[in-house]
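Presented below are the structures under discussion, each in the form of structure tokens.
Two complexes are shown next, each including subunit A; its partner changes from subunit B in the first to subunit C in the second.
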Partner chain A sequence: MTISVAMTVNGKSVSGKVEARTLLVQFLREHLGMTGTHVGCDTSQCGACVVHVDGKSVKSCTMLAVQAEGSKVITIEGLAESADKLHPMQESFRENHALQCGFCTPGMVMSAIDMVKRHNYQLDEATVRRELEGNLCRCTGYHNIVKAILAAAPAMKSAGV
Partner chain B sequence: MTAATGIGARVLRTEDKRFLTGTGRYVDDLPLARATHAYFLRSPHAHAKIKSIDTAAAKKMPGVVEIFTGKDTADAKVGGLICGWVVKGKDGQPHKSPPHPVMALDTVRYVGDTVAMVVANTADEAKDAAEAIKVDYDVKSANIDLARALDKGIPEVHPEAPGNLIYDWEIGVKADIDAAFAKAAHVTKLDLVNNRLIPNAMEPRAAAADYDKGTGNYTLWSTSQNPHVLRLILSAFVLGIPEHKLRVIAPDVGGGFGSKIFCYNEETMVTWAASRVGRPIKWTAERSESFMTDAHGRDHVTHAGLALDKDGKFLALRVDTIANMGAYLSTFSTAVPTYLYATLLAGQYTTPLIYANVRAALTHTAPVDAYRGAGRPEATFVIESLVSKAAAEMKIDAAELRRKNFIPSTAFPYQTPVALQYDSGNYPPIIDEAMKIADYKGFEARRAEAKSRGKLRGIGFSSYIEACGLGPSRVIGQLGGGVGQWESAQIKFNPTGNVQILTGAHSHGQSHETTFAQIVSDKLGVPIEAIEVVHGDTATTPFGMGSYGSRSLAVGGSAIMKAADKIIAKGKKIAAHLMEASVADVVFEQGTFKVAGTDKAVPLGAAVFAAYVPHNYPLEELEPGMDENAFYDPSNFVYPAGTQICEVEIDPDTGTVEVVAHTAVDDFGNIINPMIVDGQVHGGIVQGVGQALMENAVYDKATGQLVSGSYMDYTMPRADNVPSFKLGNKVTPCPHNPLGVKGCGEAGAIAAPAAVMNAVHNALAPLGVKHVEMPATPLNVWQSIQGAQPAAAE
Partner chain C sequence: MYDFAYHRPKSLADALALLKGKPEGRVMSGGMTLIPTLKQRLAKPSDVVDLAGVKELAGIKVEGNNVVIGGMTRHADVATSADVKGAIPALAYLAGHIGDPQVRNRGTIGGSIANNDPAADYPAAVVALNATVTTNTGKHAADSFFKGLFETALGEGELVTSVSFPKAEKAAYMKFPNPASRYAMVGVFVAKTAGGVRVAVTGAGPSVFRVKAMEDALAKNFSSAAIKDIKIPADGLNSDIHGSAEYRAHLVGVMARRAVDAANK
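Now for the complex of A and B:
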């Protein structure tokens, strides 16, 4: 049995027919072909699948596609203003070498943006480290991810994003 | 002109843009028209006979295309998976080689062993159908405890390996060692467990395969660190598909750390079944499958002793290790606890006598193979734990004892008693720099301050050496390795002057696309934006051995240098023709050919254009085109070395260990991109801290169930488990490769466990705690504190 679902992803209206058990991440990856959002575990621990749903960061493997009915979803593919103009968080990750294999990166970036906003653009190292508890990275040792997020906070504020 | 993008520059990564915008292309991201999906039914038992498998009901489930079992692969004569490194034991005989079928035939040998493959229209349908397969098992008792695996009466994993012994191997002369120990002024003894780890690259393993009936060509997309070697193994040993009819593509790969070197049964099955199903097949591991079936790492039980004279000079080192192989021999498993472990036991020291006995044992657990560092972290942990313990026992400063025994800088090349000849190094300035950065002098004040807060503060050293950059093919062959260990490169100019570097190495986080481009930019004066690095596809890149053992820059980078030399040599001939000069008078500087002492000049781009449009060109003596390839086989391993200093604070009430500071100073030879090298060290340190404090692959000793089978149970280091790091570096260029580089990929993980554990022991010493095993979890530490006798007399 399939269910119709419709939502806005990165500003575009999308719809599809899904099974009741279809997860939001499966809808994004398998139905919409938006493979920037990754699946790194099966227990909602790794955070590779983090997206924004109605302005809040959500692990898209913990949410059914039908639960996102009518929602506004932003994924890693929807962040950059254009091919040449990255979001300040993306730019900061690049500038600070906060990614190696790139697999955890989409979730890290989405979590980081949400973190900066929730803390009103004011963060310290201990807060960033604590806030990253839902995102695993095996390559970077977190050192440069923390640096990138701390550097991106004022950049996001001055860019007004 | 290329100073900002050449060797030594902090160049931002070329690969970042696609990863940051969600446009990377990993195996699971591939859109394959008409694709089916595979799910593998796994054994729930550590050891059982398969009495019957009934797939009748499952075959009728919605969407099911086909179901295969071990009988199908046996009937089709699919070969078994191989171990590619022959280790000869004390008796001169090659190691025992039990069969490793791609799917279990009549026996399952670990939890996760593959029993059936379901192919269906969707992954969910395949999984649903697998649940309907009825397997009748006769459960047997299992051999799980490594320390007892070689004892009499323990269940055997394979009849081909009586007593579960794969080999009993030694290096060094035992009698000499015994004599040295007998007359030593001091002997330090240590019993160690090197805890079993699960690599956990963030991208789970995945494979997809397609078969073209018209041409008979197979394509396999795999999360592989070495696509050419994977193709070679599948072709020559397992599936018999001729090498030229099998294309292996390893696209973007999300980390490997060793676990994606090996040839696994899932990618084999997906390839084999694609031609039978007649549609593409995709498989992506769930994380719980990764925990169960990725090759695990480490897992040693060791008894070691260090003999010293009264002044603290090392006289002899004795090591006795049982190494876990798991239930089947994985691709490189046999080499890890021998040639990548025992040959490293000299460390940075002049220890004149070393003897190691290594016995490799089978158990009913997942296969164990190379994981970041592979043998070298285990060796470093033995040596550096012993040295710090000896220092504490003899009341000599831990740094001083190390310094007293360092190989002097004048002694290189230095022949160790365990086969390796270190090419270069200068260890004292490294430890000096590390102590300066870590403010070693201020430690006692910090310890006192921590004590006033009720915390126990400790400091620990770890001075490591590693042999990497595998390796001279001749030596690898003499040691039983089944492959060459050279690397290849092709530098291909296009007529308009931009460049492709085609490499047989593979990047899965190492940043080759940037580092390799920097080499060519520096050497040929081409802007980095005009250079593309191509890797990971056997159809487009020259044969290469792949990326592991910190070899891609030292070996692959050297091949690129050789190819670049050929470009320059050919360019000189073209430029000489264009300038009507003698080749001997042409020099190449900053991307331009010049005749010394004149104003004649031909930019490389003009020579390239002339080579592709050879209207004015010496065609009689020179082929058109600008496309050169090179192979490079190193004359020795490379020997990075360094010192890490860790400081911990322990809460004695809870046993919680916090890493409060961690310093690493390394000698990686010349550095191409310091930003990338630092990143490799950061990540390595955290994997080492993870081993020391958190990570542990635990099998229930009675049932063989993997207790730590998910991120809920296997404690991965998170951002708030570690501090920011303080790094430094010293350079002794490698004397035998053209870049003067050593490897940096594994150093962090090699040195960190001993640094952390020495700090833990240093912190707990006042309480009389003698030994804490890894991982030093709060429970483990708290129990050690409770069981300790306070060292009141000291």
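Now for the complex of A and C:
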């Protein structure tokens, strides 16, 4: 079944023809060519595919593209203000060396921004670790990821993002 | 995933009409189980009827002594609801510990209980609090709703519209999550309501079950000491790569005592 879908991705209106079974992550990567969102496990466990749909973090490998009809989607590509000004969370990941191979990073950053906002920019280490339950890092680089998120929370607050 | 026809009705009546005459049609609420199932080609529905657009099915309200949660209410909304936290904090805690944050943003209470995964969290709360499940055709008491492994009392074309939970005097949920999936290896919900004490166990058996011996002991003395010598038989419990039946039987006792202690705090 071919269906037309239209949504906003990173502030830009996009549309396309998909099959009912096309996943949101396939639409982003294969139809729109936005390969920043990764597919890690494809079984809803690893979180490499996390994007924001209408302000909520979701696993885009476990959502159909048609379910995002009319929604506002934000991906890792939509975070940086410009080519030389990263989002405070991205900057904090860089500063704290919060990545090794980098494969899980897009999902980590998207989950991290969502958790910081939900906790009103105030988190402790235990909260960050629990909130990361849906994101796996096969390099086991969690320590610096947690450090980066804790450091980014006040930076996001002062930047107003 | 096999392809299917996708529908997004705006009302319950439209959803039911779409399902009529489609024996291979399936309903999707949050899709947290259905989509992975489809990806593995374990199901091949002709049609998928997405309930996301049916606004009348989502929402939380307090009605007298009950908290009524619409079938399409997401776990994250139950976990953060002031009404749920105020009336039954243990229920908000349970919802806040299902899966991970991304799953909680999509998964729904109606989907969870209609699927009746043996390791799902919600069935323990529904049974321990003696909740009432309302559908488009009638009402089900908690004890007769969950029938067995992935099996419920829901009939053909019957959808969960809401679940009504009576307020509890004391209640708590404790689970031992599988470290990878976060599903309950064993989860125990203990509740003391106007109707008495109930102990409901998920994750350990093919479907949620009550532990009568613990309920009787706790009715006399609501303390973890009262149930410390009660042994759970391992017969018929789940045994898999994550844990043996004996291991799960032991965990039921541990989680039940922790739940009683938490309920007494």
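Convention: the second predicted complex is superposed on the first by the 160 of 161 C-alpha atoms of A that agree within 3 Å, B and C clash if a C-alpha of one lies under 4 Å from a C-alpha of the other, contacts with A are read in each partner's own complex, and residues count from 1 in each chain.
Rule of thumb we're sticking to: a contact is a pair of C-beta atoms (placed from the backbone, for glycine too) under 8 Å apart; a residue touches a chain by one contact, two chains touch by 3 or more.
The model shown is predicted, which means the values in this text are computed figures rather than measured ones.
Once the two complexes are laid over each other on the shared chain, residue contacts for A:Thr43 go to subunit B and to subunit C alike. Within the superposed three-chain model, A:Thr105 lies in touch with subunit B and out of touch with subunit C [touch as defined at top].
In the superposition on chain A, A:Ile76 contacts subunit B only, with no contact to subunit C. Subunit A is touched at more residues by one of its partners, and among subunit B and subunit C that partner is B. In the superposition on chain A, A:Cys139 makes contact with subunit B only, while subunit C stays out of contact range. Contacts of A:Pro88 after superposition: neither subunit B nor subunit C is touched. After overlaying the two complexes on the shared chain, residue contacts for A:Arg21 are found with subunit B and with subunit C alike. Contacts of A:Thr62 after superposition: subunit C is touched, whereas subunit B is not reached.
On subunit A, the patch touched by subunit B and the patch touched by subunit C overlap at residues 19, 21, 42-43, 45, 133, 135. The part of subunit C that touches subunit A in the complex is made up of residues 1-6, 8, 31-32, 35-36, 38-39, 48, 50, 52, 76, 99-103, 105-106, 180-182. Within the complex, the subunit B residues that touch subunit A are 12-13, 15-26, 28-29, 31, 124, 200-204, 252-255, 257, 284, 286-288, 508-511, 675-676, 678-679, 682-687, 710-712, 716-720, 722, 724-725, 748. Interface residues of subunit A facing subunit B in the complex, by the touch rule stated above, are 19, 21, 29, 33-43, 45-46, 48, 75-77, 79-80, 86, 90, 93-95, 97, 99-106, 109, 125-126, 128-130, 132-133, 135-147.
Residues 1, 3, 19-21, 23, 42-45, 47, 50, 56-59, 62-64, 66-67, 69, 111, 114-115, 118, 131, 133-135 of subunit A are the ones touching subunit C in the complex.
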